[in-house]
Structures are given as C-alpha cells and as structure tokens.
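Pasting a structure here, questions to come.
Chains here go by letter, A, B and C, matching the order in which they are written, and residues are numbered from 1 within each.
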Amino acid sequence: MSDTTTTPAQTRTQTNAQAPLLAVEGLTVRFAGVTALSDVSFAVQPGELFAVIGPNGAGKTSLFNVISRVYQPAAGRVIFDGQDMARLRTHQTARAGIARTFQNLGQFPFTTVLDYLLLGRHTRLRSGILLGGLYLGPARDEERANRAECLRILDLLGLARVRDLPLGVLPYGLQKRADLARALAMRPKLLLLDEPVAGMSLEESRDMAAVILDIKEQLGVTQILVEHDMAMVMGIADRVLVLDFGRVIAEGAPAAVQANPDVIKAYLGEELGEAPSADGASPAETAP
Amino acid sequence: MAFFFQIFLAGIAAGCIYALVALGFTIIFKSSGVINFAQGELLLLGAYLVSAGVSQWHLNFFLALFIAIAITVAIAVAFERFALRRMIGRPAFSVLMLTIGLDTLLLTAVIAIWPDVLYAPAAPYSTTAGFDVGGVHITINDIWTIIVTGILCAALYAFFRYTRYGLAMRAAALDQEAALAVGINVGLVNTFSWAIAAAIATIGGFFLAAHLSGVNPGLGVIALVAFPAIILGGIDSVLGAVVGGLIIGIVQQLTAGYENTALIHLFGQSFTLTDKLGPSFDAIAPYLVMLVVLLIRPYGLFGKRKVERI
Amino acid sequence: MSADVSATPPAGVASRRAADVTTRLLGTSRRRVVLILALVAVAIFFSVANDDQFQIVNVTMIYAIAVLGLNVLSGYAGQISLGIAFFMGIGAYTATWLGGTPPTSPRAPVGLGLPFWIWLPAAGIVAALLGALIGPTALRLKGFYLGIVSLALVVIGVQIFKNAAFLTGGNSGRGMLPPAFGDTPINQQNDLFGIALSAGQQFFLVIAPILALAALFVANVMRTRAGRAFQAVRDHEVGAAIMGVNLFEAKMGAFILSSFLAGISGALFASYNVHVDPNTWDLTLSIAFVAAIIIGGIASVWGSLLGAIFVFALPKVLDVYSLVPATGIAGLPSGDVNTVIYGLLIIVFLLFEPAGFVGLIRRGRLLALRMSERNRKGGEPTPAAAGADPGGDAEIERTRLTAGSDA
C-alpha cells in the first residue's frame, strides 16, 4: 500500500483551523464494572480520514456505539457538527449526518442490494404509509428519484450486477461493499467505518482501501475508520488514534504513531504488518 | 374472615398448579429460549392419561401416573429432537408457531381418543374429602397439591444447584456458545429440559383435574393462565414462576370468591363486581394483573433485561 | 422475477431501464398476461358459481383482508401478535353500532342504521385508533412478551364483548344489516342495471374490490419507505435504528395498519353473516390467522391470499364436497380432521418450507428455470440464478428473493 497518496490531504487538514466536525471529550463507558473506554478525547476535522486502531477489546466498537447513540456513556460528551449528541436518539444520528457500516454482517440477509441502499436513504425520503400505500404523486416521484440515485452509487462501486440479489447470498467481500454503498447512499457528513476490511483477502482489502480513498478525495466525506489491519490504516489515514484497554495511548500522523514506543509495546509488537489473508474469495472471481 | 381464609387457601392450591405449569414454561425458556405454547395441552394429555389409566384401563394410580409421564415426556422429547432442533436460528415467531402447531395436534388427538366430554379425576385419595379448621374447610386435595408442589420446587432447586446436569442447564441458559465451548452438550440439555417440563405438566394436569373434579378438553386453556404467571415473575426466573403462579392463583380465587359480594359503594348504592364487569370476571383478572405489572416492570418481577449487541 | 434475475443485463445503461421497470407492479408483459388471465377466471367464476361456492369465496376474501393485516404486523414488521381477533371484533362492533338495526326495544343493542360507506371505513379507523392507543404499551415489549400480551388482549376482549350487552347483545350476540344499495339490502336477489344478481354475486362485487385494494395497498407500502423500515426493524432493530429508522414509529405504523385491516375484515364479517357472536373473536381465530400467514407465506401479499385459502376455504371445500366423510376419519369428526390438517401443515411448512406456499411456488419456478437453462446451454445455470437459489439454504426464511415484485 503506498503512503504517497496521503500527503496532500494531510497538509490540508493540518492547515485547517476551523471547528472540528466531531469532538469527543473525556468519554468513559462502563459495562457492569468493566471499563470499555476511559477518558477518551480527540477531534476530527472536516474532510479528514481519521483512524482508530487498537488490539481486540481496546474499545473501538464501543466508541462507535457511543457516537451512534447505541451506548450511553458514563461520562464525557460527543459534539458533532456543533450539536451535543446526548440529545439525540439512535435513529436521529442518521438524520444528523452520521452513517455507519457494520462490523458483523448478516443483519439483513433478505434485503436486496438495491433495497438496502434505499433503506439507507430512509431519512432522505419523506412519504409515510398512506402516501406509500397509494403510491401516488410525491411518493412515486421520490421513489423513482432515489432509485436512480442508488443505482448511480451501485454503478460507482461496481455492484450494479448484483442489485437484485439478497445480501445473504452475496460473497463476504461484496456484502461489505454493499454495506459501504448503503452508508454512502445516506449522503453522510461523517462516515464511521467499522473494520471495513476484516476477514477480507489481500486483494479485496486493497480494493476497499482504494474505495475509501476515493470517498475522501472525490466525495470529501469525513471518515473515521476503526481497523485491526495496521498496514492498511497506516497507508491511507491522515491521523491515527491508538486505543489500548479503553485508554488513548497515542495520537498523531501514522509515521509518528508507528514510531511511538508505547504503541509498539501494546500493539505493533504483536501484530505489525500482519494483514489477515483470509480465505474469502475475491469479488472478481465470485461476482456473477 | 373464615371465608377469606377459605378462598385464600383455595388460591394457594390453584396457585401451586399454575406454578407447576409456569415452571414448565420457565425451564424450557431458560435452556432454549423458547416459549412452549403446547405446555397447556401437554398438561391436558397428562391429565387424560392418568384418568384413563385408572378408570378405563384399571391400573394402579401410580402406575397410571408413571405411564402418563412416560408418554408425555416421550412426545415432548421427540418434538424437541425432531422438530425444534431444526429451528435453531429461526425467529422467535416461527418457533412459537411450531409449538402452536403441536398444541393443535395434541388437543385434537385428545378429543379424538376421549370423545366424551368429562372424565372423573383419578387420585390415590378422595378428591372431595376434607376437614374443618376454625370454620375453614380444607380438602385433602389442596394439601397434597401444596405438598407436592413444594417438594417438586425443592427438588428442582437442588437439581439446578447441586447436580452436574442442573449446572449444565444453567450454563446453557446463560450463554449457549460458552456452554458449548466448555463441552456441555447443549442439545442434550434442551432435550432434558423438555422432558422435565412435560413431567411437571403431567403432575400439574393431574392436580388441576382433581381440583376441578373432572378432566375436560378445556384444561389446556385454563392452564394458559400460567402465561400471566410467567410474565408476572419474569420468563427466565424459576423463583418468578412460583411466585407468579401463587399470585395469579390467589388473585383469581379472590376475584371469584368476592365478585358476587357487594364491594362497590357508589351514590348510596352497592354493587358487586359482576354487576359492573359481568360474570366470570375472575377469568380475566390474571391477565389484567399481568398488564398492570408490565406497565410498571416490562420484564416482570424477577426477570432480567437483555442487552442488544451490534 | 426469477426470470428477471437471470436476464439481468451486464451492467450500466440497460440496468437503469430495467430498474425503472421494477418500480411498477405490472411492469412486465408476463405479469400483465397473468393479471388478464386472472380477471378472466374471476369473470367466469362470477357468472357460473352457485351460492355455496360464493359463500366459500366471499368468506375467504373477508378473512384474507385480516390475514394481510397480520402479515403486515408479524410477517413484514416481525412483531408477534395473537391479537388480530380482538381488532376484528372491534371492527365488527363498530360496524354494528353504526350500521346495525336501530333498537326497537330498550333492551336491544344500539344501532344507528347508517349506510355501508360510513360504517365500513369507520370500523377500520376505530380499530386503527385503538391500535394506536394500545400500541405504545404493547410495543415496548418484544418477542414472546408481546405475543403473550396480545393473547391477553384477546382474552380480555372476549370478556368485554360478552358483557357490553348494550352494544354486542351479550352472550347470544346481536344482528347486523347487510350493505344496501338504496333501500335494497344485497343479501337478496336484486336487479342491478337490469341484470339479476344473486346475494352471493352482490357480496362478491363488494368484497373483491376491497380485498384487491387492500392487497395493492400493502404491496405498495412494502416496496416504499415505510415498508422497508418495517422489514429492517424485523431483521435487526439496532441496525435499523442506526440507519435512521425510528423503531417506535415503524412498529406503530405496522400495528395501526394491521389493526385497520383487521377492523375492515371484522366489519365485513359481521355484515356478511348478519349476526355477530362475542365468542367468535377468541384465541382460536387468532391462531387460525397465524397459521394462514405461515402456510401461505410470511411477508408476502400473495402468501396472505394463499394462506387464507388454505386455512379458511379448504376446510369448507372439503365439507361442501364431502371429501372428508361426514362421519369423519378414524373417529375424528370432520371439523377436527380439518384442525389436524392445519396443525400438521403449520409444522410441516415451518420445518420444510419456511417461506410457505409462496416459497414452494418460487422453488418450482426456479427449478423450471434451471431446467430450461440447462437445456438451452447444456451446461451450468447462470451464476445469478444459482445465487438466488433458496432451495439449498432452508434457513433463508421469509425469503424475499422476489421482493421488488412479489411483495
């Protein structure tokens, strides 16, 4: 993975002194005595590709669950786009502009890819039961317009051919990609990527990295990436935050983080450069 | 006051029967996460088998009881092994429906085999005999119901607490995957829980029939009152099942006992519950109690809230 | 639809056109042909059927409306409910209150004698309002808890229906008027625009369009925003919420729509039978509806209709044509033979074809498709068709392979 691609964006975010899109301040999360996150603070600038890494159980997914209001923090707060997230309920985070991909797939095995994207656009559509049921005027118009929009995104991500297949029958790599497409269909201000390449083959994760960079460069969407795969993160992220047992142990540019002795001890020491070369077949081979 | 104690005692006896049915639900739910809608009809079948064993086939009561338990257990185990086992990972709705299918089949089978409406209960003692203590009439049947329920609860408690199988069942209830990982045969645990539930249902069926002085196809529906009992106690709590059953039994008997007594005094006139709410209000009182409890504690008195993961 | 899958164009431009097509329910010429054939069949039935046959078909269509309602709540939105009978009862008694005979004695139940076009929608609306009232409490609960609470609703409902004699006539029930055109009630022979129509034919003309509208409405809901939300909530609540679906709103929507359809069905039922008995709305009725959606097909409009036929029409057909001897089989009276049949069908379908009868049809079509593929190419089936094959994975329940079109 080349690290040259990141330089322009890096300079941009460093010169960017405006208010951060997302500010996490002193966040602490506890479950029945176990502290999943402890006094975590960081800020993400608009347009930035921010990565959160750490060994298993470091609290990465818990962090996402707090941001998308699935978990209630014990202390601290999350400010998104100038708004205190504590006021929102889970489903309101989507309307606020936060989209999230899922770490484990299989939640919606019967939904076709196209319907999944339309579901992603739920907050962008308006019609309720009555209008939808009658399928008249505005309901039909918005349905058609959004369908076209979703098809564009599917084309963009090379998923057009599987759009009528249910997610459950797709190979793993394509499911991950469809999930990302769904998150993009939400047209978010902030995209939370929960281990986007976990369980992927080397080739698949390279493709995914390219897509993530495209999203940043072409769509300018701010992204937070939670990942296990070090090589991939170091190659594409603007800044990296390292968690260990729920605590921030380092934050900064990839190169600096990589050189940090605490990080090496806690994480890199055991897993440096190990991209999981899982058994999953590449999309090129299995896609119809 | 004697009247009150009389009814209260009847409530405890009825509550014991409901507790037995509720225990069946809870044991199955704890091990496999399934609500067995057919529990009521297992009880019905058990009650008929005991009655038929004694009055039709002229068996000794205990032999009849043993055969009845063997048959209901065999049906429950077969259902668990060959039907329910295939439903792992399916939504709760489908699993519930499968047990409703079994419920329908059992009820029809009972009606087909025993077409006469009413059969006499069978018991090793006279179901009508009793004695008076301070104006309160106590039947032998009530006493046996309470004693046997107490013994069964104690035995189950000891079983879950101290035996290997009991511990395995509790482990499987807590976390199926973890239980599998430490070598517990979760499938066997499920089968076993169905067997226990069926055996308890048969005993409950016998007592319910003795209590109502007859076996009729409606017993299964009466046993559905155990639903409010388990909701009241919390589906996953054994203690809750017993307490819930007792509360429901007492509430029901008190309502039945007092619904024709003038309790309501309005504008100088007196009314009974029946005047205001119609006859046999006691049939729905348990459900109303359940709804009230659910409004206050959605997971029952002893139940635990589940945490969802993503 | 399966044909559409295999015929999916390579990519790009063509796919966009095809997608526009799938937004229409009657987009393909094959579907239009099927519709025309169906209409012809209905017309033939309408002109030749006798009273017995109309009786079966009309009652089944009335039930089918409530089956659709239950499928909205349980099949599409995944909320277990045994309460459908209660909402049918509410619809029935709203109808008898508004449309029933005005009382002639002080003891007779109330009735305003209002016309059909008032009491029918009112029945749906009152049931829906009651659903909206009960929903916030009931829908806090999940899974089995909700199932048991809905059961309580039915038990309590029967008690209320039995005792609210001023409205329901008490234990023995009360009368209800059939719909009328002008002054002529339709449960007797009438001349309509010079054509003599039997009671069965007239009821058919009233009920069939209502069922068709209900089916179309539900199908439309399910392929648009609200319906997608229902299904997402069924599949994964937290996931749905993260995507912006308001769980409470979605569940309430499904609950209210379901109650509305049940209310309409109950009102038609009361009016068709000209009499309502409070014991009709019991748990047995609710269970029959649950059986219908499982046997027909969960989360499928066609499945709802097929399920209604299986559970409500088939036993009547067996009776009317004496396919089951009146003396019964193996000591079972014929009514109980039916019960056994549907008890067994529930188990068999749940175990072997969770997608119901609709799933069977779909499987058959895929098989036919693959056979023809093999014949044409002499080789492997297309990857798309293979990928869409539900046959191999029985765990794909509520299969929605044909979601866009079949919903």
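We adopt the following convention: contacts are C-beta pairs under 8 Å (C-beta built on N, C-alpha and C of every residue); 3 or more make two chains touch, one makes a residue touch a chain.
Just so it is clear, the structure is predicted and the values come from calculations on it, not from any experiment.
A centroid comparison over C-alpha atoms places A as the chain most distant from chain C. The busiest chain interface, judged by C-beta pairs in contact, is A-C.
Separation between the centroids of chain B and chain C, computed from CA atoms only, is 33 Å.
Mean C-alpha position of chain A lies 41 Å from that of chain C.
Computed from the mean C-alpha positions, the centre of chain A lies at a distance of 49 Å from the centre of chain B.
Shown for chain C are the residues that touch two or more other chains, namely 236, 238-239, 242, 397. Residues of chain B in contact with at least two other chains: 310. Within chain A, contacts with two or more other chains are made by residues 70, 102. For chain A in complex with chain C, the residues that touch the partner chain are 68, 70, 89-95, 99-100, 102, 107-112, 114-115, 118-120, 122-123, 125-129, 131-135, 139-140, 143-144, 147-148, 151, 155, 160-166, 168-170, 182, 186, 287-288. Interface of chain C with chain A (complex): residues 4-5, 8, 10-12, 15-16, 19-20, 22-23, 217-218, 220-221, 223-229, 231-232, 235-236, 238-247, 253, 256-257, 382-384, 387-388, 393, 396-401, 403-404. Considering their complex, residues 74, 78, 80, 137, 140-141, 143-145, 147-149, 151-152, 155-156, 159, 162-163, 234, 236-239, 242, 283, 287, 290-291, 294, 330-332, 336, 339-340, 342-344, 346-347, 350-351, 354, 395, 397 of chain C touch chain B. Across the interface of their complex, chain C is touched by residues 29, 35, 83, 86-87, 89-94, 96-98, 100-105, 107-108, 111-113, 115, 221, 224, 227-228, 230-231, 235, 277-281, 283-284, 287-288, 290-291, 294-295, 298-299, 308-310 of chain B.
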